[in-house]
Amino acid sequence: MGKYVFELKMKVRDYECDLQGIVNNANYQHYIEHTRHEFLASTGISFAELHRQGIDPVVARLSMAFKTPLASRDEFLSKLYVKKEGIKYVFYQDIFRLPDLKPVIKATVETVCLINGKLKESETLNQILTPYLSE
Amino acid sequence: MGKYVFELKMKVRDYECDLQGIVNNANYQHYIEHTRHEFLASTGISFAELHRQGIDPVVARLSMAFKTPLASRDEFLSKLYVKKEGIKYVFYQDIFRLPDLKPVIKATVETVCLINGKLKESETLNQILTPYLSE
Amino acid sequence: MGKYVFELKMKVRDYECDLQGIVNNANYQHYIEHTRHEFLASTGISFAELHRQGIDPVVARLSMAFKTPLASRDEFLSKLYVKKEGIKYVFYQDIFRLPDLKPVIKATVETVCLINGKLKESETLNQILTPYLSE
Amino acid sequence: MGKYVFELKMKVRDYECDLQGIVNNANYQHYIEHTRHEFLASTGISFAELHRQGIDPVVARLSMAFKTPLASRDEFLSKLYVKKEGIKYVFYQDIFRLPDLKPVIKATVETVCLINGKLKESETLNQILTPYLSE
């Protein structure tokens, strides 16, 4: 997996394509959000359970470069690695089309943590995520 | 408004269209859900506030007939009337394209109420909705 | 698979849940549409390719009964069988939660075929689908 | 409108909120896409019509900063201005909550034009958009 610590294989669903015949851009946000949540789940973190404890990781800033559009029924790999920068966790998330591994999007997602609505570090998250951090 | 007790004017957004160039069917469920919530709001009921009180109106059964598809940027009227049948509220929801008023969908939505997860009548809802019921 | 001719294993994505904490109803329409398209693909039919040939299978009528809501990260099986009734193909589509196989929704989806915008039988579809029909 | 050349008043629909009780981030991409398309329409450009002529404006790069989340039924203003930088049109798109005008998101959307699949300037778009450009 190289620099990546997690990857998820997915497939375009037709309803995600818009009238240009390609995946509507907003769906890439769905894909990468789902990948982050699956990554967190793989480390033992449940996003819905965190929410019930008053801990809400939220996206503060997002940037995406669109390289090659996905079309109906394309399969793809959604990969990520993550760095800690100050109080932020920054997820580097790239999607590659299968089978040619052509880059689809390159995204950077900066997240912070709200605890009962206040911006704060979550010790729970920090302990769990430390082993997965890139430098 | 004839037999209808509520109507909402809306407009197709391009991202709601799929690769057939017309509104993806699932979006009609969004349109009619939004119309029900706006109707409830117009009677003083907040769907999100109900949820915080443990009262969740849920859809038990839905049926939709698709007459004419809406396309990019079409405007339409989403109308409803409602009957009480036993413990269910049944919403009759029709969408008409503008300006020709061609029928787009005809839907019937049967809802019941969960109070703290149990099927039950909500006195709050009953009191508020009674004046709006059709026979 | 019993009476079913196709099944697809899927998993709830968090963005499909709404503020009630369960899958928003419109997403069940997405799930069953995706299942139909995967079924068609498994028989050699590409929905996007059909569209390019001017053949658009469309949903004429849909009914869904909601049994048990799916929640964040639930896995489920989406199953279908199909009958031909006159010019319509009627898809019977049921979703079962994993691992307890509790029924989630039961749906009936009546589809017809538009060829260059006109209601018509598609010989291509008929030939391909015949071996999969239930009586 | 200050530096903005277009604004659209919108309202959160409940199905756009996720299990955190706030608008799911991907929907902001929907809101700003819809705003761009409404802006283009106001200048006489139809996005769907362009597509039929083989002209597809596509997003090459997007960045969004999330300031304050919108919640169920919030109303908001979605505003934009646009600059031409080389072959790109860069849309600056900001959303403000009503009635307090609190900033919700600040986004930058870089678009390019594909003509029959090739990266190219569209004279049609250039002529129409020139009067609306900021420096």
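Structure notes:
The chains carry the letters A, B, C and D, assigned in the order they are written, with residues numbered from 1 in each.
One rule holds for everything that comes next: contacts are C-beta pairs under 8 Å (C-beta built on N, C-alpha and C of every residue); 3 or more make two chains touch, one makes a residue touch a chain.
Please read these numbers as outputs of a predicted model, since none were measured by experiment.
Among the other chains, the CA centroid farthest from that of chain B is the one of A. Comparing chain pairs A-B and A-D by the number of C-beta pairs in contact, the larger count belongs to A-D. Averaged C-alpha coordinates put the centre of chain A at 28 Å from the centre of chain C. Per-chain Cα centroids separate chain A from chain B by 33 Å. One finds 23 Å separating the Cα centroids of chain A and chain D. Within chain C, the positions touching two or more other chains are listed as 14-15, 17, 19, 21, 24, 26, 30, 33, 48, 72.
For chain B in complex with chain D, the residues that touch the partner chain are 13-15, 17, 21, 30, 33-34, 37, 41, 46-48, 71-73.
Across the complex, chain B is touched by residues 14-15, 17-19, 21, 24, 26, 72 of chain A.
Across the interface of their complex, chain C is touched by residues 19-20, 24-27, 29-30, 33, 48, 51, 56, 58-66, 69 of chain B.
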